[in-house]
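Following are the structures in question.
Same chain, two partners: subunit A is paired with subunit B first, then with subunit C.
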Partner chain A sequence: MTTLNRRTILQGAAATGALIAAPSLVRAQAPAIKVGILQPVTGALAQDGEYGRLGAEIALNEINAAGGIKSMGGARLQMVFGDARSNPEGGTAEVERMQAEGVAAIVGGFASPIVLAASQAASRYDIPYICDVGVSDQIVGRGLKNTFRFGPGFGNVTSTALENLVKLNDAAGKPAKTVVIVHEDGLFGSGMAKLLQTQLPPRGFEILETIAHPTPSRDMSNVALRIRALNPDLVIPSSYYAEFVLLARTMQQQRIRPKGVYAILNGAASNFRFVKEFSDAANLVMDCNHWADPRKPKTAQVKALAEQGGRFWLYNTPLNYSCVRLLADALEKAGSADRAKLTEAITNSTFADHIMPYGPTKFVNGQNQGAAPVNTQVQNGDIKVIFPTEFADAKAVFPAV
Partner chain B sequence: MTSAPYAWIAAIVAALALLPLGTSSNTVLNFLSFAMIVTVAAQGWNILGGYGGQFSFGHAVFFGTGAYVMALAQVRFGLNPWLALPLAMAMGAAVGYAIGFLSFRARLRGSYFALVTLAFAEVFRISANAWGFTGGAAGVLVPLKLDAAQMQFADKRLFYWLALAFVAAALVLTAWIARSRFGAQLVAVRENEEAARALGVDALAIKLRAITLSGAVTAAAGCLYTQKFLYLDANLAYGPWISVEALLAPIIGGLGTVFGPLVGAVVLLGLGEVTKTVFANLMGGSVPGVDLVVFGALLIACVAYAPRGVLGLLQGWLASARKARA
Partner chain C sequence: MLKLDIFLSALANGLMTGAVYALVALGLTLVYGVLHIINFAHGATLTAAMFAVFVMHSVFKVDPYLAIFILTPLFFGLGYAVQRFVIGPASHGDDSNILLVTLGLSIIIENALLAGFRSDTRSIDVPYGFSVVEVGNLFLSTPKLVAFAASFLVALLLWLLLARTDTGKAIRAVAREKTGAALSGIDVDHIYAVTFGLGAACLAIAACLLMPTFLVNPRIGNAFVLVAFTIVVLGGMGSILGALVGGLIIGVVESLSGLYFGESLGQIGIFLIFILVLLFRPTGLFGAKA
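Moving on, here comes the complex of A and B:
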């Protein structure tokens, strides 16, 4: 018979103590890394912001499910979400809050004015800032060391768009000679119109008129009637979602059918919501915009996740997904959430496992050099890639009539 | 409060100045600084709207002019912001005089004056959006140079104190107006313009003086905005948001009172922040837009049950408490 002596009790106590302590040892992994996700989810840009947040969420869940940041002991990524309220003050205020919460980096912004203000606010604290969509060339032209843009800028998108337009027109035997430009009067639409006015005539297009409209606009019939009177071969619209949908529907109702609608960075032309809800008005509309790479197997997975619960597939989702993955890769390389180390890791990043058609990242002055837009066309209820030819899954239907 | 408004101003400004010492949170400082900017704009509005009874729906025109002059003087002409500030305020005053001259001489009053100011703000907004000199729709970006000589401060408390200094100056100005001959004439014009004129008050000159002062004060708010956010575009500078904030703060706080705009701005903006935080804690995550919903509901309640503003409500309570004691 064993007697209960001092030694057994001590052994037992030590074992019990170890057992009790064990779970906390498991739990005492690396602390979570906070990642700031900034999107406008109230106000005029709320739709875009929601889809941007969705992309970031999908990426964060995927990274955490796969075991977090391995070089940091499997540290999880924790989202600190900020609502930029569709204006720069909102964005700046949220950056301050994120700084107070101690984020390692910030991803997002969506609109150029928000990105300009928020990245500048972040630069005060040397917080790395990865811009998701904002295309203004000022964003990476200011010499801020903390600011990176994964996607293409305005100059890049428009020159690609013009090149492809010429290719398209030449291939069809130059049916389009006259153009009407419709643009919203904000930063992006006016900039686009100004550029097109100088770039289109040397390429053999005659601009009949440039029509500006404010955002928001609730009636586009005057614009549509003007287009009917001018009867151009090509309409080039640069507007946000609601205004372009309105214009396309009005043109359809009034039976205004130009040979082509060729949008550049349009808010609706490569948006599945528009395609599903107004399939007739959307049919054969072309766009040059951000678009996920259909060749990559991961694109289909992310798309399936994004479309759960009846949501649509917008470019905001794959862009934000890719930006967060890029950040996670940089954290992995840096092995630290230290802002200076992280900034350096992003600067030297050669991340290729994203779902945009860009190739490995290479940042020069904050701009990802491989970033490029894609030309899409709505064809029978689907959005097809028509340029670049390397991964086009359809041939352009042009002229449309 | 009538006996010693300056002592009250000193006490309240001192209390506000001590606030940042209790917190190192940049979120709080950011909020306080923004509230002070809105207060300055609202105090500008209060001179014309509260004391003069001329309701402007377009104070963005002064705010935006101040903001743009401040930004463009630095970006286009390389002027030091401390020198650009008086220039911007002078331009705000000039725009105020011009708009006042055009509309008051045409005897526009009440809703007609309100609509004309709204239209002026829109004209300025669209022009700034189209003109290359103002950066068009791309806006103006003031380069980040953290240096007190550039009116950009690494320590956020310094910016807050600067904004607070403007609030203090505007409070002193308003208190002076309230007790001056000019202020009495302004109130007379507000209460009954014909009667005031019959008593020999030059209504046009009085109103012009009020709108010029109002323009300069609101332009100062625009300058502070530029230095705080370092980015401007036509919708930020001349957009209706600031016209609305400049007018709501005095209405909520108390029209035609010295402290009304300050109380209104702090209550309005503070309420938004508090509800956002409370809901975020309750729901375990931020609920986008909830602050705006509560904000709207409280606004309706305030206008319905406290037409003299928060200060009016407080005075009413104090008076009834005194009566109850007596």
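Moving on, here comes the complex of A and C:
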């Protein structure tokens, strides 16, 4: 038989006290900061949206595992996810919901039309909005104080792409003279085609034809046949993933082999899924696009995390990873989730610990000045960097035939 | 001017696609010929069949060509049941009611698919999706060639069924003179339902032939039905030969205008033909005088 003595009672009291105190310990921790992650995960752009979300998740997990936002008492970041359903209306609807849930900021959007609409909706509530991919120059050209773009814009990407194309062609002894432009007939593709039509002739390229196609489209036979008939040296495609894959496979089917396929901001040419699934059709396709910096050790870590569970390495993942890390850095500096203070902190941000090849952030009118695209080429089942030469890990194979 | 082999490739593409169009039009023209109604649910049924192929392939791993033998009887049964137990009773023998019932059915089917599969565009990936058969300088897509041959086979079988079997005789009798057929002992309701079932079965076959090279979303049927209506008008209402020839003509026109006027304007040729036929030969190429 046990008797109650003083020690047992004290022990019991201490235990009870600890139990009662425990909830207040939880309460003492800083409240979580809600971060809106907006991506199209259903509809035509679902694949890109999924990989964007993956990047955001990796960053959020990493930040929380490292102790959250230290200047705010170790506050953890909590994701409020919104599906933009591949259209601008879906994007704005989710911004309204995120506003109702009280997010501190929103990251993502992917496609230009979604980013344009969503950032405008967010500006009505002064929610800081960091665009991940959308390249339309209008995004940062509207004077919205809340809207920032971490990656390069359309004008920047295309001028780099053209510069590198000329370098590439000159180095090979100018084998390419004639060009066929293939583009999707939406905002992105048509804008690109218009720009190329004015920019290519002064650089010594003759445009044989500009072929538009709708998104989605499931038959590229006629486009391929026209290319076969025109027999250009160079094909420049600007389409989303599914259509370019279809075009590349149809060109392969019809044995169409131009001297080069030089994509600009193409949805497939810097996508490991395309490279792995259709390696013959993808081989030697070049692209000028977003790409993570292979020199940074962090890139390999994020890539390894992203590839867990059989996923592929797409540029969406490192871009969104970096954008969320940029936001966390701004929260750290602001020491507050107050939207005005946070906007101020992003505006003055000099964040360098991202995995894109950009250098520290410097926003002018919302555009990150150091942002730059990279030229890649698919070579034997791998995606290699061919420009800029500072960190290229392969020489361009051009002409391909 | 484009080179000859480019023209021939586009021509071959058009003929192969046209054969599948013809198959879709066959169902429509058959139902019109017998029931004297336009089946507005035709497009939605095709969409449902294409989703059925998609589910068979992605969930049960059944090859689309193998799925023909499962989905054709299934859709025949569904078509039979819908006419016998829904459209027939709901129409009370009035043609304008039938139109409305089929229109209502199409809305229900489309939205059920939208609810079940969302608005995503989906496709299936089969290993032979991009394989080719070389004919001289032409590289013909194998799945399209299969679709071309199968469509002709189905048209032939349908013609044999109508011309040589008792059921076929009964269908033709009902089409010609409903009351007379009923008086000579033909179960008119049954024949109506059989015809409707045959229409749906044609769509199931068309769906299986299309899916290896095509995409599906809940609204895809509409694109085909517009083309099928044009074919039926061009070939003559109720004519099987008309549907076949009309389908091939429309396929070629679409392919060539796509090649010469660009992808976004490709369909313009189809509707030009539609208007021209209505203006100059309203009964179609093989239609009887109205």
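Assume the second predicted complex is superposed on the first by the 377 of 401 C-alpha atoms of A that agree within 3 Å, B and C clash if a C-alpha of one lies under 4 Å from a C-alpha of the other, contacts with A are read in each partner's own complex, and residues count from 1 in each chain.
Here, contacts are C-beta pairs under 8 Å (C-beta built on N, C-alpha and C of every residue); 3 or more make two chains touch, one makes a residue touch a chain.
From a predicted model like this one, the values you see are computed outputs, not experimental measurements.
Enquirer: Once the shared chain is lined up, is A:217 touching subunit B (first), subunit C (second), both, or neither of them?
Expert: second
Enquirer: Using the superposition on chain A described above, determine whether A:318 touches subunit B (first), subunit C (second), both, or neither.
Expert: Touch status of A:318: no partner.
Enquirer: In the overlaid three-chain picture, which partner chain does A:55 touch, first (subunit B) or second (subunit C), both, or neither?
Expert: Neither partner.
Enquirer: Based on the superposed arrangement, let me know which partner A:136 touches: subunit B (first), subunit C (second), both, or neither?
Expert: First partner only, subunit B.
Enquirer: Look at A:185 in the shared chain and tell me whether it touches subunit B only, subunit C only, both, or neither; answer first, second, both or neither.
Expert: Both partners, subunit B and subunit C.
Enquirer: Based on the superposed arrangement, let me know which partner A:96 touches: subunit B (first), subunit C (second), both, or neither?
Expert: The first partner, subunit B, only.
Enquirer: Would you sort A:253 into first (subunit B), second (subunit C), both or neither based on which partner it touches?
Expert: A:253 sits against subunit C, while subunit B stays out of touch.
Enquirer: Just subunit B (first), just subunit C (second), both, or neither: which does A:151 touch?
Expert: neither
Enquirer: Identify the partner contact of A:123: answer first if only subunit B is touched, second if only subunit C is, both if each is, neither if none is.
Expert: Only subunit B is touched by A:123; subunit C is not.
Enquirer: Intersection of subunit A residues contacting subunit B with those contacting subunit C?
Expert: The answer is residues 42, 46, 185 of subunit A.
Enquirer: Taking the complex as given, what residues does subunit A use to touch subunit C?
Expert: Residues 42-44, 46, 185, 211-214, 216-219, 221-223, 225-226, 228-229, 242, 249-250, 252-255.
Enquirer: Hey, which residues of subunit B end up touching subunit A in the complex?
Expert: Residues of subunit B touching subunit A: 25-27, 29-31, 34, 126, 129-130, 136-139, 141, 143-144, 146, 154, 229-231, 233, 235-236, 241, 285-286, 288-289, 292.
Enquirer: Would you mind writing out the residues of subunit C in touch with subunit A in their complex?
Expert: So the residues of subunit C touching subunit A come out as 2-3, 6, 9-10, 13, 118-121, 123, 130, 132, 139, 141, 213-215, 255, 258-259, 262-264, 266.
Enquirer: Which stretch or stretches of subunit A touch subunit B in the complex?
Expert: So the residues of subunit A in touch with subunit B come to 41-42, 46, 81, 83, 87-89, 92-93, 96-97, 99-100, 113, 116-117, 120, 123-124, 136, 138, 142, 144, 185-191.
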